[in-house]
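The letters A, B, C, D and E name the chains in turn, as written, and every chain counts its residues from 1.
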Amino acid sequence: MGDVKLVKKRISPMIKEVLTRFFSKPVTEKYPFVTTEVPEGFRGKQLFNIDLCISCGLCSRDCPSNAIEMVEVDGKRRPLFHLDLCIFCYQCAESCPRNAIKSSVFFELASNDKKDLILKPEANNKTGGSD
Amino acid sequence: MRSITTWARIKSPWVIHFNSGACNGCDIEVIALLTPRYDVERFGIKLAPSPRHADVLLTTGVVTAQCAERLKRIYDQMPEPKFVVAIGACACSGGVFKGNYSVVGGVENIIPVNIYIPGCPPKPEAIIDGVVKLLNSLKEA
Amino acid sequence: MLAINEILFNIQELLGDNAQIKKFFLGKATIVINAKSIKDVVARLVKNDSTLGLSAITGIDLDKTIGLLYHLRTSEGIVTIKTEVSKGKPIISSITNIIPGANFHEREAADLFGIIFKDHPNLKRLVLPDNWPNDLYPLRKDANLEDISKSRDNFSYKIDGSQSQEDSLVNIIVGPQHPALLEPEKFSLKVDGEIVKYVEPRIGYVHRGVEKAAEKKTYLQDVYLVERICGICNACHASAFVESVEKILGTQVPDRGKYIRTVILELNRLHSHLLLLGHAGLEIGYETLFQYLWRDREPVMDLTEMLTGNRVIASSLTIGGVRRDIKETHIPIIKKQMIYLRERMIFYKDLFENEPSIKLRTKNVGVLSTQDAIKLCVVGPVARASGVPIDVRKDDPYEAYGEIPFKLVTRNDGDAYSRLMVRLEELFESINIIDYAIDNLPKGPYRIKVPRVVSAGEVVNRVEAPRGELLYYLKSNGSAYPERVKVRTPTFSNIPAFQKTIIGENMADVPANIVSLDPCFSCTDR
Amino acid sequence: MQNRVGPSLTGPSGILQPLADFIKLITKEDIIPRDAKKTVFRFAPILAFSVIVFGMCFFPIDGTNIIPNSAFSGDLIFDLALLTIVNFLMFLSGWASASPYGSIGAARVLVQFLGYDIPLFLLALSPAFLAQSLSISEIATAQNIPFVILAPWAFILFLIAMQAELEKDPFDTPNAESELVGGLETEYCGGRLAFLHLTRDVQIIFGAAIVVELFLGGPYGPVFFGFPTFWYTLWFILKLLGVIVLSEYLASLFARLRIDQVLTGNWKILLPLSILSLILTVALATWIYPWVM
Amino acid sequence: MVSETESLIAYTFLKNKIIDSGFCTLCGACEIACPLGALQLKAEKVERLTDCSKGLDLCPICYEICPHSEALLLRSLSFVADAPVKNEAVGYYRKIVLAQAGDPQLRAQSMGGAVVTSLLKYGIESGFFDSAIVTQAESQNPSKPVPKVAIVPDDILSAIGSKFFPSSVAKAYGSAVYDYGQKNIAFVGVPCHVLAVRKLEAWQHKISSNLKIIFGLFCFGTFSLNSMLTYITKRYNILPSDILRMRLSSKFVIQTRDGETEIPLPEIDDHILPSCRVCTDFTAELADISIGSGYPLEGWSTVIIRTKTGEDFFYEAVEKGIVNTWVIEEEPKVFERLMVAAMEKRTNALKKAKEMERTSGLHPILLLRESSVLSNSRIDEIMTRSVKTVSLDTSVSQFLVLVPKFRHIAYPLVNKKNVPIGWVTLEEAAKVEKHLRAKTSVNKIAIRKLVTVYADETALVAFKKMSSHNIGRVLVIDRTNPDMVLGIVTKMDLMHTLTKQF
């Protein structure tokens, strides 16, 4: 087996590559301790601004995975986001006539029970959601 | 003695990944965790070849009718201190495909789920964040 | 490849009057014939044009009858043969013995529409689970699917791992859960010692009924649904669907929109090929190659995230253009990454050519001759590696591919090694395309306002996904909901090739063979 | 090696990781498959582990053996035989688990190490011949000029044979994840799995130790000050790490070879080469080396 | 803040109140505002493609956004209400200036001072805004206006010359935001289109976040395209395709390849769009900068700067020499013509509006109405105190000279004992022929009728008096000493109290 390596045209570049990699610094990003920078266009958790909402219900009608449900919040019908259903396509932000739904770069949404994944629209607080 | 075993369990959670009907968006993110850039081996997470060796079951994908039974069988094969992480909107609740005829929707209908990671697909960092939260909840339990 | 009008002339001459021909409808031309004469029409066509391939068979529920559209792929584009079968007695003769590639298409039509194909080799369940009630055909309009969700609880979990030991063959199940395979699919192999004698793929584990779901959502929502058929080639599904809607509406996407779409499609192809080459490394045991390749894939993911907001599912294509613009600040970053990627590709090309162990594991493994490739109607890199020069970007260019110069990569020895090499060389082409598109990105609008209601119409549209030709058939009925969306994904027609290439190989080569076909089972099962 | 960090959170920079793996595995629930051969299934891993540890004590790490005066002439052959026994026990544990993957994996282990044992023995003979003795400690002491310089070809071939013996890439067909789910370890879990993993790790150290003893002059190296045993152990550990890194490097260079290629490679190429290298060393030792040494 | 109309689905109101009654000026604002994209502006009419009420709880947008609906008017006015001067004729403003393009070659091409073109060109080059909505002439049929999103300066050059037919600039603004993805857009439009964009801003529609600056154009009224062109081809057999350019001064001049033909004004009068007849806004009161012709001065434009953004941008352009300016106080004739033209349009629009209200029951937009706000604000809070009075012996020409300095168009006439006996208004003064102006005294043309209010009464009283006597201003006198003038309350002051609440 050993001599096959000698007869071929060129030495496999992997030998040099592995050596350089062996001595060079590893590429790993130490995530939990170093926060990663996310490009600003990233589609993370939605920010819902209740003052701008005219409760027209267009976001819940346009959502591909019906993740937005219109619920009564002191008299008016507001969108409630089911983050477990949501596919973060931001069609709701695009259909909303009033920029009431904005994008954020927040992506750490893991949680051990489903209740955290429901973003309820509370009155006059800028970021929806109770987690 | 108990604290050492929990320490050991936290420090070396072996993982097995089963795709029960996913569009493999989440699967490539799960496998991307092993690549140099994210490298979950820092936490001692290793991809175990068979359910026998694994502690944590990473499921992705909306459970299709055919896969439901497989998922149950894999879950039973795993030795006892086992945990389930549902990755991606499909695994959490069926996502875009919820309500289709051949879709059971959501992993929780078949096996108990410890951690839900929403996102379509969630960023690898989000999956790490989910696993870290699982390990921390282990510490308190 | 036969010219279109020759084909039409043949059919006209063969059938005389009972074949109406509609030019430029559903691809280059549509021929309406009655069901009985399907077999000899196809036989006649194949006889005088051996390179003719069956692209897809689409079933449509025309409430009293079921329409069957045979989309044939000629060099100039798609020719559709349309026949109808009555719902009561849906029987039509199978064309699998003429074109072996039609095997899976017919089984799928049987599954979902309940059409009986006379003398089809093995008309078993393909896409639906085994314990599916056999008189219920989901894609028919009148199929009441409500009881299914209720009756799902009493699904009898029949263990299907039958260990039948007919002769000396050991039956090995490369089962749904296997570390080597990213996705659930089952190959039951019959192995004699180390040599594989027979393989029976069983797909359908990832069947989510996307085509049925598409009929219940509006066009705008369908774009997102269709994108999530396959996470790796999501931009291609979006582009195919969006283009078919635009063809029906007749809207003209502005140039800048076309160029941005091409950039995103090519980024998607880069991402998919790099992923596949890395996966191939994993399959043949070359851990380090897998790690390096997937590390070099990260820049492509970062670019996609920067341009579209998500690393993998780039929902940036929408009906009428693109949702986000490429800003001035993005262009230098893209250029820098392309230079880095080109360097790395040169390294990997050099590695693949000179690394003995890779060659040992992939050289003349799973050989697919040009003849077999055409017979099985194989598409994409698998076909190009066996010397069949088909590429939708060249045959009928879409988006901005008409204006961007790029080379068509083909090889002729058709083994696993050349399949990987074809993909590697296509990476260079993709980088060139992106560079070209970024350099002369036209100014102006990148999107056009499109009404939410689509006028009635029927269209067939093809796109070159990383794995091959992706065909979409869209029928709209003037409402905000599509009437029928048919998706024929490239892996669906590449799977039969796996049966051909594996027989006679030895067991240890099965993973190398599977990975060289670049199967994407979430695509296949829809 | 693969440009990534690897375990770094368990204990200071990840040293305790194997320990954590071991403890966790022990505390795992123990499932024994229904139709497995109970006795063999239960004891094979532990037996394999004890044998390999026993084998380890024949190496003079700090100038004297771990167990005093256990060195006897011919313990080299004895050690290599132990290695074969351990592999055989691994085969037994795989065969006992009665899962299709287990049996195929076991068969492959059997075929592989039987094949590679013969060249391993022949190549081990070259240094033994140079040192005119079969006892490891004597071979180590006789190397004022490390045999790797005297018989470099033997060293390279021995390294390749050892690579195949320990089932490391490019010869790790038995526990190839992609083909056989877990190879022979598929059915094992909990405590037994821990022992299997431990045996594999000790095997790697065992192989490296043999290479160090036979070719790199064992623990003996320049002594600066203070008592020699400290320096000898230091030298021994350094050489050991060097060899392990070298074998890891070799492993990361190649893709895994098919089982039939591995076998053809062994019988057609490695065996004749090892015989040739033995003849060469013998020829050199008798004619040229006497006036040099 | 859901608007007052609380209508469930606005389209029903839009349809019968505005579209069917012909009030639509085809700006396309409803099309871009509709989140469903259900509305589309076809050639002469807005059509609805899908039934937008399905699945929607309520959607008030298209009716509220339409410039011809009564919603959101006061809120839109509040954007310019911070300007110091409240002039009855031309609304709120900071400064009125005469200006012309610095580059002579530009001036030659355009009729007026080519100020709009040079400002837009400078804006894009300096990056103050990244695109501008201009109206170009269609190549084959030059009289047909085509709105265009101009990204590069030479798009703007091809859009020189004012247009006489409605061009859907708001629709182009929508496509600039959605299709071109521009972030800072300069909008150029006639007063009702400017009102449409201001309403978008007042409604906080997400489109308006990309708006940077609004240029308003003076507007006598637009004509309906087909009825005008068919009339011309029938009457003067000029084909639309060979009309090169049109000019409106004293007469309506059509310039074709083989010469010019003049059409007397009354003839084209019945082609004016119905909504223009009731439009009170001549100088685009809601724009940041309004620009119009500097008639009677040749080659100059009148520029009215209303808001802070307008001011910053304009003076930045002036420093760079893009535009050279001239103080209007030196040219009282221009100021006078401007005020007279504005008041003329406003008065006969109000007359037409009242008459239309009686006959067809349709009440077009009348800003001022009895509302609670008026009743609880007192006159002395809102009146303008420093009153410039005119003595009996001043002549008309002297009066015309002091008018631009004090920026009001009507001043109380006082006799020798400083007792107010009537009003001298700019309109009356302008009616006197030029050569008689020096001789005739102000007293001859003054209006004797003096309507007075007391300081402590409520604004509502002032409003009632104004509408009953159909006049624009009342005198505030002291309760105890009727001869002592405390201040003046004009309609603009009443309007200002309404806008203060936003």
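Worth a mention:
The criterion applied here is as follows: contacts are C-beta pairs under 8 Å (C-beta built on N, C-alpha and C of every residue); 3 or more make two chains touch, one makes a residue touch a chain.
This structure is a prediction, so every number in the text was calculated from the model and none was measured.
Common partners of subunit B and subunit E, by the touch rule above, are A, C. Just to note, of B-D and A-E, the chains joined by more C-beta pairs in contact are B-D.
The innermost chain, defined by the distance from its C-alpha mean to the mean of all protein C-alpha atoms, is A. If you average the CA atoms of subunit C and of subunit D, the two centres end up 48 Å from each other. Centre-to-centre separation of subunit D and subunit E, using mean CA positions: 93 Å. Centre-to-centre separation of subunit B and subunit C, using mean CA positions: 29 Å.
For subunit A, the set of residues that touch two or more other chains comprises 4, 12, 14, 18, 21, 26-28, 30, 38, 64-65, 87-89. Counting only residues that touch two or more partner chains, subunit B has 35-37, 39, 42, 49, 95-96, 120, 123.
Each of residues 36 in subunit E touches at least two other chains. The complete set of chain-chain contacts reads A-B, A-C, A-D, A-E, B-C, B-D, C-D, C-E. Subunit C makes touch with subunit A in their complex at residues 217-218, 220-222, 224-225, 228, 288-289, 292, 295, 302, 305-310, 313, 315, 323-324, 347, 350-351, 354-356. Interface of subunit A with subunit C (complex): residues 4-5, 8-14, 17-18, 21, 27, 38-39, 41-43, 62-65, 87-91, 94, 103. The touching residues of subunit B, counted against subunit D in their complex, run 4-5, 7-9, 11-12, 35-36, 39, 41-44, 49-50, 52-53, 55, 79-81.
Within the complex formed with subunit C, the subunit B residues making contact are 18-29, 31-32, 34-37, 47, 49, 51, 61-62, 64-70, 72, 74, 95-97, 99-104, 120-121, 123. The part of subunit D that touches subunit A in the complex is made up of residues 1-5, 156-157, 160, 249, 252-253, 265-266, 269-270, 273.
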